[in-house]
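Should a chain be cited, it is by its letter among A, B and C, assigned in written order, with residues numbered from 1 in that chain.
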Amino acid sequence: MTTMTNWLLDDSPSSRLQASLGHSYRVTRMLMRNPLAVVGALILLVLILAAIFAPWIAPHSPLGQNLGQRLLPPSAAHWMGTDELGRDIFSRVIYGARITLLIVAMVAVISAPLGLLIGAISGYFGGWVDKAMMGVTDVFLSMPKLILALAFVAALGPGIENAIIAIAITSWPAYARIARAETLTFRNSEFISAMRLLGASHTRIITGHVLPLCTSSMIVRVTLDMAGIILTAAGLGFLGLGAQPPLPEWGAMISRGRAFILDQWWVATMPGFAIIIVSLGFCFLGDGLRDVLDPKQGGKS
Amino acid sequence: MSAIILKDLDISYGHTKVVEGVNIEVAEGESFALVGESGSGKSTILKAIAGLAPDWSGEISVLGQPRGRSVDQGFATRCQMVFQDPYGSLHPRKSVDTVLSEPLKIHGLGNRDARVIEMLAAVGLDQRFRFRYPHQLSGGQRQRVAIARALMLEPKVMLLDEPTSALDVSVQAEILNLLKKLRREQGLTYLMVTHNLPVVSFMCDRMAVMNKGRIVEIAPATALHDGSFTDPYTQSLYAASGGNPDRKD
Amino acid sequence: MSHSHQSEQAPLLELENLRVSFPTPQGRVEVVKGLSFTLGRERLGIVGESGSGKSMTGRAILRLVRSPGRQQADRMVFDGIDLAGLSERKMRDLRGARISMIMQDPKFSLNPVMTIGAQIAEALKTHETLARREIKSRVLEMLHSVRINDPERVVNLYPHEVSGGMGQRIMIAMMLIPRPDLLIADEPTSALDVSVQAQVLDLIDELVRDKGMGLILISHDLNLVARYCDRILVMHAGEVVESCAAEDLHKATHPYTQGLLAAVPRMEETREELPVLDRSAWSGT
């Protein structure tokens, strides 16, 4: 074990592999020292495991109705009770993890790279390219996220795919702003000039040298934003514009449970807890990542 | 053939002209110094030669080829630059190995591992530094990496912008020795910016003195021995640098 | 001023076994390792390469080593006052008033949103209570004595409106206006051009002599320190390797000092290669 650690922490690695593994190991170790980040990571791990192993974890089918067991309170048979159609809420929450994870992953995959690229290009070239691109970005930024998403979903029609697209479209401008600000701090630096002098094309400099420097603040920001994305998705679901019944989406579940909130509180509260816990998990992890990855705020203690 | 020719060179940033009417001719294999106080336009001249300050008029040619307004690939293999700040001239997230392989990748050159290993040896860096990141290197080691990067494409002309002014004297001595050795071995031409006159005496054959964007005097480096300068500004610069204490006694 | 006669003989600053340490993953590491010296009303130079602990020594005298750094000393006495035992409040009163420090880069030490006149007046007001008119005349007089040509105009400027050399002179004015007994100058001219460098150092030199202050000049430049100091300490890796009178610097005995001296290029350079320090010879690391 110690020889392994020594190999990873070697100040003079002898191969590319050793150098990059050592780097990851250092980041992980620093992250592990932050208790909140560990809690966040554990919550996410649970979310991912729940999504993967939902059929084995969930005691009942998420869709199977049993009208004889409507609105039962939490018990040993139904840990979180049942809803108005007699479906086991615990099973639905577990299956709901898949939908939440899908939304989160799709939004991250679509909007983060898009924002990153637009911001980096805008900041790197400056001048009229910057003005034009940031003009468009500002138009998107100036509108409230949920309202813009609502407009898109209204135009595209309700459904989970459209909800994902709407959220992705509304979240890239913030990333573009961050990436641009980050790029501006080093666009005139000597290592970029040196690359130009070596004959590297603009494309090569942006993809190979500018983007890698923006990614860590982007990862931090996206992680912190995940809570908001989950909430927006839940909001759309709540308004009936996101995932459609009978899909076990957490927001839609709260919406249905609203009718019984006073007498059968668990129907709306249980998916609500799930949303809060997962959102908190992303926030904790994001904060921890910022301390490790973002040298401006974290410091290298 | 001259390595670098500058004719009636004017350079501006926006509306302010920062360099005016510069004429310099550097012979092949020569080491030429550009000295002057900060803000006098020394770095700007190097940037214009390198293609990083596009707003100029006049004539610039390197190894007989006039240079265009922007950076081009062919130029990269003829002329390279080493920057002043060893902390700002290396990408913070790239290992020494990546930094040195990059020029080869850009120009599609093969046999990269062998070339990187060879270049590390040439600039006096141990092989164990090959996979380190800039934050794991000292200032002098970083400057060696920057020099190695500039030499990867085997250029004949090197533009050096105060390559040692951020370093301790003992480290400066190592880097100056290295630059001198490389020039001897590879037949390089140096155009070196500095504000340190003794460094000129050690490294260079001739020097041009700049003041407020203009060249006030071009003199052989041996003029530093006795301070035989004609221009009053140069004389005051020489006096402020302490003159030659070995002569006064 | 009854104590001034005594302090002609009594040293201004006595330092014995000063240690400064920082925590690292490998445990606490000392960056100043048992430094001792006595300073009268004279000019002491501390030279060494970057990282040798010069700035930490300067800061430790003012008890300004920031956490997680830690400092300790067997004895740290300034003009009869035991600095180590002083409360933080008393120490704050002492800083600026009796011991001042000039930092390397004026850009980071001046407040960007306050005019230069206001900042210098502030430095004076925190240590003395004076009438407004008197403050104004003291500020102008001080600016004048640091050779600022047009003090009436300069007091209304903001730091970004002055050049590096002028900024450093303003710093000096700010540090000297409370009339301290000891001035610590940490690389006061490293960011400046040679011609301005000489002006600023001549100025410090003149003020120090006129007012009979003590000066600790910290620099990496051996020749500069030799020119402006009476006595020199050469530091390497947190330890003093050589202590000598400035005029004897060229007769230095320690191989490290000799190596440093030899590595400086000369105006009339005839050596084909500059001698390089063989670090393994004495440092062991």
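Basically, contacts are C-beta pairs under 8 Å (C-beta built on N, C-alpha and C of every residue); 3 or more make two chains touch, one makes a residue touch a chain.
Remember, it's a predicted structure, so these values are computed and weren't measured experimentally.
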Topology of the chain contact graph, where touching chains are joined (line, ring, star, complete, other): line
Taking each chain's C-alpha mean as its centre, the one farthest from subunit B: A
Cα-centroid distance, subunit A relative to subunit B, in whole angstrom: 47
Centre-of-Cα separation between subunit C and subunit A, whole angstrom: 51
Cα-centroid distance, subunit B relative to subunit C, in whole angstrom: 33
Interfacial residue positions of subunit A with respect to subunit B in the complex: 11-16, 18-19, 23, 189-191, 193-200, 204, 208-209, 212-213
For the subunit C and subunit B complex, residues of the former touching the latter: 49-50, 164, 193-195, 197-198, 220-223, 227, 259-260, 263-269, 271-277
For the subunit B and subunit C complex, residues of the former touching the latter: 37-38, 139, 168-174, 176-177, 180, 195-199, 201-202, 224-225, 236-237, 240-247
Touch list for subunit B against partner subunit A, complex: 47, 50-52, 71-73, 75-77, 80-81, 83-85, 88-95, 97, 102-103, 106-107, 128-129, 131-133, 136, 146, 149-150, 152-153
